[in-house]
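My questions all concern the structure below.
A, B, C and D label the chains in the order they appear, each numbered from 1.
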Amino acid sequence: MSGNTFGTMFRVTTFGESHGAALGAVIDGCPAGLALTTEDIQPALDRRRPGQSAWTTQRREADQIQILSGTFEGYTTGAPIALLLHNHDAKPEAYDHLRDVFRPGHADFTWSAKHGLRDHRGGGRASARETAARVAAGAVAAKWLQSAYHINVIAYVESLLDVSASIDPESVSREAVEASPLRCPDPETSSQMLERLAAIRQAKDSAGGTIRCIATGAPAGWGEPVFDRVDALLAYAMLSIPASKGFEMGSGFQSCTMTGSAHNDAFYTNESGEIRTRTNHAGGSLGGITTGMPIVFRVAFKPVATHFLPQESVTTSGAATTFSARGRHDPCVLPRAVPIVEAMTWLTLADLAAQHAAYTHPVRVR
Amino acid sequence: MSGNTFGTMFRVTTFGESHGAALGAVIDGCPAGLALTTEDIQPALDRRRPGQSAWTTQRREADQIQILSGTFEGYTTGAPIALLLHNHDAKPEAYDHLRDVFRPGHADFTWSAKHGLRDHRGGGRASARETAARVAAGAVAAKWLQSAYHINVIAYVESLLDVSASIDPESVSREAVEASPLRCPDPETSSQMLERLAAIRQAKDSAGGTIRCIATGAPAGWGEPVFDRVDALLAYAMLSIPASKGFEMGSGFQSCTMTGSAHNDAFYTNESGEIRTRTNHAGGSLGGITTGMPIVFRVAFKPVATHFLPQESVTTSGAATTFSARGRHDPCVLPRAVPIVEAMTWLTLADLAAQHAAYTHPVRVR
Amino acid sequence: MSGNTFGTMFRVTTFGESHGAALGAVIDGCPAGLALTTEDIQPALDRRRPGQSAWTTQRREADQIQILSGTFEGYTTGAPIALLLHNHDAKPEAYDHLRDVFRPGHADFTWSAKHGLRDHRGGGRASARETAARVAAGAVAAKWLQSAYHINVIAYVESLLDVSASIDPESVSREAVEASPLRCPDPETSSQMLERLAAIRQAKDSAGGTIRCIATGAPAGWGEPVFDRVDALLAYAMLSIPASKGFEMGSGFQSCTMTGSAHNDAFYTNESGEIRTRTNHAGGSLGGITTGMPIVFRVAFKPVATHFLPQESVTTSGAATTFSARGRHDPCVLPRAVPIVEAMTWLTLADLAAQHAAYTHPVRVR
Amino acid sequence: MSGNTFGTMFRVTTFGESHGAALGAVIDGCPAGLALTTEDIQPALDRRRPGQSAWTTQRREADQIQILSGTFEGYTTGAPIALLLHNHDAKPEAYDHLRDVFRPGHADFTWSAKHGLRDHRGGGRASARETAARVAAGAVAAKWLQSAYHINVIAYVESLLDVSASIDPESVSREAVEASPLRCPDPETSSQMLERLAAIRQAKDSAGGTIRCIATGAPAGWGEPVFDRVDALLAYAMLSIPASKGFEMGSGFQSCTMTGSAHNDAFYTNESGEIRTRTNHAGGSLGGITTGMPIVFRVAFKPVATHFLPQESVTTSGAATTFSARGRHDPCVLPRAVPIVEAMTWLTLADLAAQHAAYTHPVRVR
């Protein structure tokens, strides 16, 4: 892992800027023999795509994925898989008035402090548009893990501002998530969220919230302590998503208020002879290794940094200034962040699966 | 990063088990010319050491650090620095009755599921005793960063079960933290926590809580997006600590209930001509790159998995069983987790400093 | 380093197959602020391009490079730089008769043994066409190192079969190399080589030879022992080039026949006060760290595996067979391998420069 | 791979200096369940140990290995394996007269140029004594690969100065190698070499030579192109050994003088139905992936840099000086380099085995 590469064995390197020529990802370490075409990838991108509803940015990008390498006659070959997305609806001129302003809540100032210059067009590399490449790569990981392990991953919006749903993660279906324009599978909460968001947009402001994610089907035994724990890699993966500011595994911060006797998940053996736990406060991980129970976690997203109220800031030369944002922006990233959280979960699990295979390599020929 | 190695450029590999011969760390990538003796390392270990007070395990380990390599006449040479701690008070027989039992909340089952066997003595490699090696390595990172950048890192206990302190992180001194046996710098809250913990211990149960950490003095510009964001690396570092279940940066989960206009930190230029933000909801990071403001985050620790009440579980062959823990255990890890959180923060910052140096290497000879 | 990625800090990931849609490279870790356009890259590709002379394959590829990301208004931004080359003159049908044959000397059998399937079209990923992406990436490394350090790299053909030139590497100019169709800077030897090669082609056979490379201008102090020695990284880089089978640094295998007193390079201080050596048997490296003297090494390339004589082999199902190659092939790769050797040298030096910057990071603020 | 760590999945980090407290290695990624005690490691160290014969340094080091972690009741657990060797016969005062002199052929100058200071005692970290840790780690890799794959590795001295043996590598036994004090399995050549070496020592000079190595039993399919080719990783491994200056795989530099029709190894199917090649000019690798044929390569070692004749050099302040070496030194490293070459071969193969397992992870549940 480093900079623009995610993963140790199933590695994804992404590239591209918000208003550059193209975005893409190169996947290295995907096993050969996996059936893979663009149809395995496009649906995930369509779920992340801008312009899906009134609640997302009106930028028009078809986001049609191309597979440039790594497959032959419909199957992966073991060679690196390059995925490409061209930018078509870039409007860099919409950012001309921001060329010399550091927008609060964005990476404008910090990128400049780091590198001495920046691509001001829509945040450049720091734009969440970069995550389109992650979603494409995540779909490849998903195809593999679904084929090899029958793993499933579902994320959904659990709260938006002060509107929060109380949902059992194990009961959530993809259909219920997609039925809501905000990807909150509880219809009543979804309606309240929409109402709340309409008011926020009316007020030219923006909102954040939380996303819950559940991964089922992973066997017991994945994770590479002491550092590459499942919890640690998921935390890393989630905090690498733009605008995310928090992560909790299983009972998370809630566990801090429980006693040990209430929190420990008792073991039992089920009718199939598998060892399971009666509760799952651990969120599917003990000592950083999967238990075979569902992996459950939650991610916090701060409110969108771009709102339409006037803001105090400084210019690139440090002079005080006031500005207002213009253009096409999501009032709330949550619905589009759902497929991104899923993609990063797939990529984390794929890497853990490959690492586990390497480290538990046979000691004896059997 | 991978398995037992933390960091990309300032890399630490740890080894050792709870009841094995020794624990240690090898640091690769520490600059040459740093004055370094065991006296730079021992104080951090003494803060983490067992047996410090009535509230920590009574295992007696002097934890005297040895530097085996990497220094010459008191200075680092650029060669790898090996640090060693011998185990002296190991009592593996105290775990004989647990040889065939999977303890709930521990890695016993998952390590076996992964590797087909386990060292049952005090959790083996999965024991928190492993963190002694991290604390030793963290002290080396601290020595470097304090010399080179005047960075400071302070962690403290913010909450224990339902007792929570409300403290401005920027006001906390090391002295105030150390004055409390629980390392909660607010004396009144500390007393309440002690009272609460006495009751928990009396009830043979255990507790968890949260630790807040603040790092000051890091310049703007550290962090390697898109994946190696400051936030992501800190989340990874913190979730790699045994028993940690959550992480939040700056306003964290609280940010989800704020609007964008309330959350954005306005920029201004201070009297020294430096760009700063009026608030610090971001916790010192924008776009995954440091802002130059204090880096502030919080970590959730679940209650200690070992309590002394009877527990339901299964044997290694899957049969139902009931057992009770015996021996020497902390009723609450929080005070000893404080130096561990600090150590992982130092190691993260050292790696970011070294990476930043590599990536901003001069384009022109000046 | 791993699989399809070269380098630790200045990292290049390549992708693409001989007869796939496109080839490319993603560079991560290139400093920001470097002036970079396609004009900095195209000349190196033109030197490697097929169809340059009667001595190279007649496949027609313009190999026009595109920069997809990582630059803004002509300067690098610190974001990953994606480079793309489309394949235009792929003729996969020319390989139809080889779909079920394992060609001797090629990766057909081993790729199948590894992955269970292969892309038989021109060797797929195992084709030397992949090196076009390396040459493009190498040009970016060259641009940086030439700007920052005035480093220069020149490679040339030193021997072909039994025809060998005796040339002082320090006397060779780029012009002299380019004046020869075989990139042998000694005109007389070049003529003999051409004659020899004409006979080989006439006989439907193929040839190999050696390439010498010299890099001047690198300061003393680069290299990361004990494993990432300059010598070791260059050996790795060179043996990663298709068809290379040997590497020697400085006096190399010749040193084995010298005594220590004859081989040691005596130190002296030159008129500029710099420490230099009177001879350079070491080839610019002592203990795996650069001395500041020219870095000189030699690479062995086996004869081209594709010749036009009948060959004994087996089919993919193991049956004995005989076949003859058809189509467009170089009788000798050496002239086109020259820019590839240079590119891999640039990439190695760029990585060493970046690593050195990270590891010699200041201990004290100065 | 980086600095002091070798390998991607089976990773070894070494530490320690020639005259420091101790040397050691930490192995991360060794599978659990491998029977492992010090008796598996000690014999390899005994073969490398100083003071074995009149032809090696008279420094007396028992080199008794300790296993500090990673095993439990005689089996590996999947935790990192720390190996430790204490230095007992360090005589740093023997180097006092060299404190301010840069010895030609050694890393004294370059380490200082890199890090601004050096440990002058016997070369510090740059001493070949560091390779004791590699040999210990290599023995662990050997134990695993011998158990799991019946792989065998044998190295031997092929030439010393101008005395060269002509031996079929496939005919060499460990016994024949060990029967020679110079580890040259041909008795007659061994005698000639001894004679040659006696004269060299008499002349206060030193010698180098070549080592051939053969690894049998590795299956077809190992190696991770395009960069992590078997050839490239072996070249890297071998050139990372102190004093090595060249590497060739299979026919190596000799291949440059052969035509393609003579060099290609024809495929056939043997009586067991396995695909093999009639010759093995490739040295067991095609396209960087193992063929299943023996892996054969050769390594060049320069003459020992320390001889006892007067040498011209400079002091650390750049002044011209003349000095003569004193103390305990090998006149020729070759016999002791044999187990080092073997160790690096084992480590390379172990890493390739683990990587292969990760990358050919099942696509479908079978």
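General remarks:
In this section, a contact is a pair of C-beta atoms (placed from the backbone, for glycine too) under 8 Å apart; a residue touches a chain by one contact, two chains touch by 3 or more.
Predicted, not measured: the structure shown is a model, and the values here were computed from it.
Summarising the inter-chain layout, the chain whose CA centre lies farthest from the centre of subunit B is C. A count of C-beta contacts for the chain pairs B-D and C-D puts C-D on top. Work out the mean CA point of subunit B and of subunit C, and you get 45 Å between them. Measuring from the averaged C-alpha position of subunit B to that of subunit D gives a distance of 38 Å. Between the Cα centres of subunit C and subunit D there is a gap of 26 Å.
Contacts with at least two other chains are made by residues 2-5, 14, 29, 32-33, 78, 111, 114-115, 125, 355, 359-360 of subunit B.
Subunit D makes touch with subunit B in their complex at residues 2-5, 11, 13-17, 20-24, 26, 28-29, 32-33, 66-70, 72, 75, 77-82, 84, 111, 114-119, 121, 124-125. Against subunit C, in their complex, subunit D makes its touches with residues 1-6, 8, 14, 102, 104-107, 109-111, 113-115, 123, 125-126, 130, 159-162, 200, 203, 205-210, 219-229, 231-240, 242, 244-253, 255-269, 273, 275, 277-278, 281-283, 285-292, 300-307, 309, 311-314, 318-320, 355-356, 359-360. Those residues of subunit D that touch subunit A in the complex are listed here as 9, 29, 31-34, 78, 144, 147-150, 353-355, 357-365.
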